[in-house]
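Next up: some structures, all given as structure tokens.
After this come two complexes, each holding chain A, first together with chain B and then together with chain C.
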Partner chain A sequence: MLENFSFRTIVEYLPLFGQGFAATLWLSIVSFAGALAVGIILCAMNLQRSRLLQLPAKIYIDAIRATPLLAQLYFLYFGLPRLGVVLPELFVGILALALNSGAYIAEIIRAGILSISRGQVEAGIASGMTYSQRMRLVILPQAIRVTIPPLLGQAIVLVKDSALLSLISVAELTRAGQLLASDRFMPAEGFVTTAACYLVLYYGLKSLAAFSARWLGVRPIGSRT
Partner chain B sequence: MIWFQLQSLMGSYPLALRGLGMTIALSGISLVLGTILGFAFGVLRTSGSRLLDSAIGLWVDLIRGTPFLVQIFLIFFILPELGVELDAFTAGIIALTNLAACFICEIVAAGIRSVPTGQVEAALASGLSQWQRMRQVVLPQAMRVSLPPLVGQYVLLIKDSSVVSAIGLTDLTRVGWLVVQRVPNGLLVFAIVGIGYFAVCYPLILLARRLERRMSAAHGEVQL
Partner chain C sequence: MIEFRGVNKWFGALHVLKDITLSVEPREVVVVCGPSGSGKSTLIRCINGLETIKDGDLVVDGQRLGDRATNMTELRTEIGFVFQAFNLYPHKTALENVTLAPIHVRKIARAEAEASGREMLAKVGLADKFNAYPSELSGGQQQRVAIARCLCMRPKIMLFDEPTSALDPEMISEVLDVMVGVAEERMTMMVVTHEMGFARKVAQRVVFMDAGAVVETGTPEEFFSDPKTDRSRAFLSKILRH
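Presenting the complex of A and B:
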């Protein structure tokens, strides 16, 4: 098999992989932006004193974290039409990724906010700041610093998770590999090229995360990505 | 209407149970094998050999940098071409074990690196052999740091096992996919699938949280 590994076929399919790469890139960016929005809302709810706001956020986060993304994706893919909402596969995929990563991002932001020492909050109170001033001027500027590297770690997870969208036939990177594998019966060529493209994204994001950690003077991301 | 669908779903009860069994068997076997391999790799990574360290590091990066779905496809479609006959279950076990070993290796290595060098030096001074040092001094302390993320990682791996449904293995997610072709109510079917995973994963999430709290409490005690 390896002796007739066909680079020529890969070159032939390069435009398809280029399209797949671009699709994975932009759908990951859109999903990540959505996930940030979901995460910020969930985290804001979770930090409130009112149980009425806190409880739904907690239940949502736990439900997302205890179930696989693929099941969530199918839930939306097969479930939304049932509610009369018919969306293209791509939107369903982006929605699933945003809703899934949002739960993890909420926890990342929460950990960042809780990492700010109590003294900072007390100093804010002593200076006569209101809650929103304290949040805006004291806590968030410091919290954002520590959350950036883990957020980039979550971006890595999201890019890899986006491969699952190929299972609901979204045209992205893994789909390109599947097409080459099934059209020409060349799974090796197809999936090795796919893997190589993901590695480009992975190493790019990983060095960005390391750079940001150094630049911000915080601990680099852990091993969970 | 919904009553009719529920009745129809009740008919799929044995299938669902088989799917849950498959998910548990697959994750269980891979987690045990992956933990053993992961510990071995983690110890090797910190053994001081630069070559071993960077070789394992490269492999871990390759696995962590690519989607699990692509890894499964690579193993399932390419190993047979190299003359290794394997069914979907074996391919799933290989892929998941490899993934588990890579993540666990990093957790264990981080745990070992967190043990102060004074501890190792003390063990050396007491004349302990390398094996004794590892087993009686370093690993017990490393375990305290590694245990919470290890349990958290198990949850991620159990969830990742759902991806093997892509090569046709009848696990819980695949059962949902099969049932939804017959009973066209995706919300209901995948809510039930979700409950299945939740029942397995949530206790582990709670355990990880408890261990984490205990760990940070213990740290507070030491630092004061």
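Presenting the complex of A and C:
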């Protein structure tokens, strides 16, 4: 079996995978940054008392979570041009990932904020803090700690979801695997290499999360009573 | 300083405060007691607006709650509130806990806030715990930090909601000692507690509540030695039996 596996071809294609790796990395970073922004805005809207702000956020989050990313991507890529909006494919890809992940991130942040006990909110209120002071000084610093692990999970999902961009011919990692597979008819070599690259990204993200947890000074929170 | 006039409050169908009329004079220490579910906590939570009242008037430091002109956020800076569950900020050290509101709400310079924060923590017996996180402190220590946190705002009124109920017995007296100290500095205080020793020592008046109503008020001496109603007698016989 292994005698048919051509490591030489993989080495030959390494520059292509290098480019794919770099593309997946940077477009994931940009998408995740966008997703964080989308998520924070959605979550802020969702936590307001005003229905006018809450409802659009809820509908958006449901719509995104209920539909496949591929359908959303195809809508933006094939649908929008027919409606007169033509965007470059890379931009469409990043937009789709950011809009999609943003909905999930909004829920992650909301769960983090709601996990902070009512007593913390009341302590802030009782000491005369305004809503934004309570958020900034009391709630968010604690919520960030509990949101790091699920945010890492979402970042990993986003990196893997970015593979779908190969379908709108964005030159990223999975696209590199497809090229090797179709040029030389070597799908095993192509996709194993692709998978290995994703694994490297995965471990990179994991150590980044561990580092940021330390940097934020995350310590076990728990008060004795 | 605090005046309830015909205050009513409902939680859904439950009538939790029934026609409360009660006033607390400046520098007076009032202890509120009564069986659980009698509305004591709700009563003092109304004073700083953690609960809102349905009808009647509640005037605190000359300002009527619920009026447009009354700025609750500002009023709350004048009212310290000590919770049963302490509610210290777990991500902040003891010193950061006591300086957070002075710096961000009172807008006091950090150095000045820290100096008075250290002084206040030392006063409650925690001079060696400035940099400890709440999770590293015992319950009694946490509650003393919580009291210091309120005092650092230089409030006009201090409210205590069952401050020793969550504590192990051996830690109760260290918290009560701090509260006695606050009372001796002539703070206006309203304290929900069953600590009768504390009431006898510093309270000018005891208010007994049952089923959402104020049933009896009197000096600690009158109330403990000669309760006037059946309900207060029944209550006292239960808590003083042991």
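Following the convention adopted for this analysis, the second predicted complex is superposed on the first by the 203 of 225 C-alpha atoms of A that agree within 3 Å, B and C clash if a C-alpha of one lies under 4 Å from a C-alpha of the other, contacts with A are read in each partner's own complex, and residues count from 1 in each chain.
Going forward, contacts are C-beta pairs under 8 Å (C-beta built on N, C-alpha and C of every residue); 3 or more make two chains touch, one makes a residue touch a chain.
Small disclaimer: the values here were computed from a predicted structure and weren't measured.
Of the two partner chains placed by the overlay, only chain C lies in contact with A:M129; chain B stays clear of it. Applying the stated contact rule after C-alpha superposition, one finds that A:G39 touches neither chain B nor chain C. With both structures placed on the common chain, the touch criterion links A:F75 to chain B but leaves chain C unconnected. When the two complexes are overlaid on their common chain A, residue A:Q120 makes contact with chain C while staying clear of chain B. By the touch criterion stated above, A:G93 is placed in contact with neither chain B nor chain C. When the two complexes are laid over each other on chain A, chain A has residues 222-225 in contact with both chain B and chain C. Taken in their complex, chain A has these residues touching chain B: 1-2, 62-63, 65-72, 74-83, 160-164, 166-167, 174, 177-178, 181, 187-188, 191-192, 194-195, 198-199, 202-203, 206, 222-225.
Across the interface of their complex, chain C is touched by residues 117, 119-120, 122-123, 125-130, 133, 137-138, 141-142, 145, 219-225 of chain A. Those residues of chain C lying in contact with chain A across their complex are 48-50, 73-74, 76-77, 79-81, 83, 85-91, 100-101, 104-105, 133-135, 137-139, 142, 149-150, 153, 166.
Those residues of chain B lying in contact with chain A across their complex are 61-62, 64-71, 73-74, 77-78, 81-82, 103, 106-107, 110, 149, 152-153, 155-156, 159-163, 165-166, 172-173, 176-177, 180, 184-187, 189-191, 193-194, 197-198, 201-202, 205.
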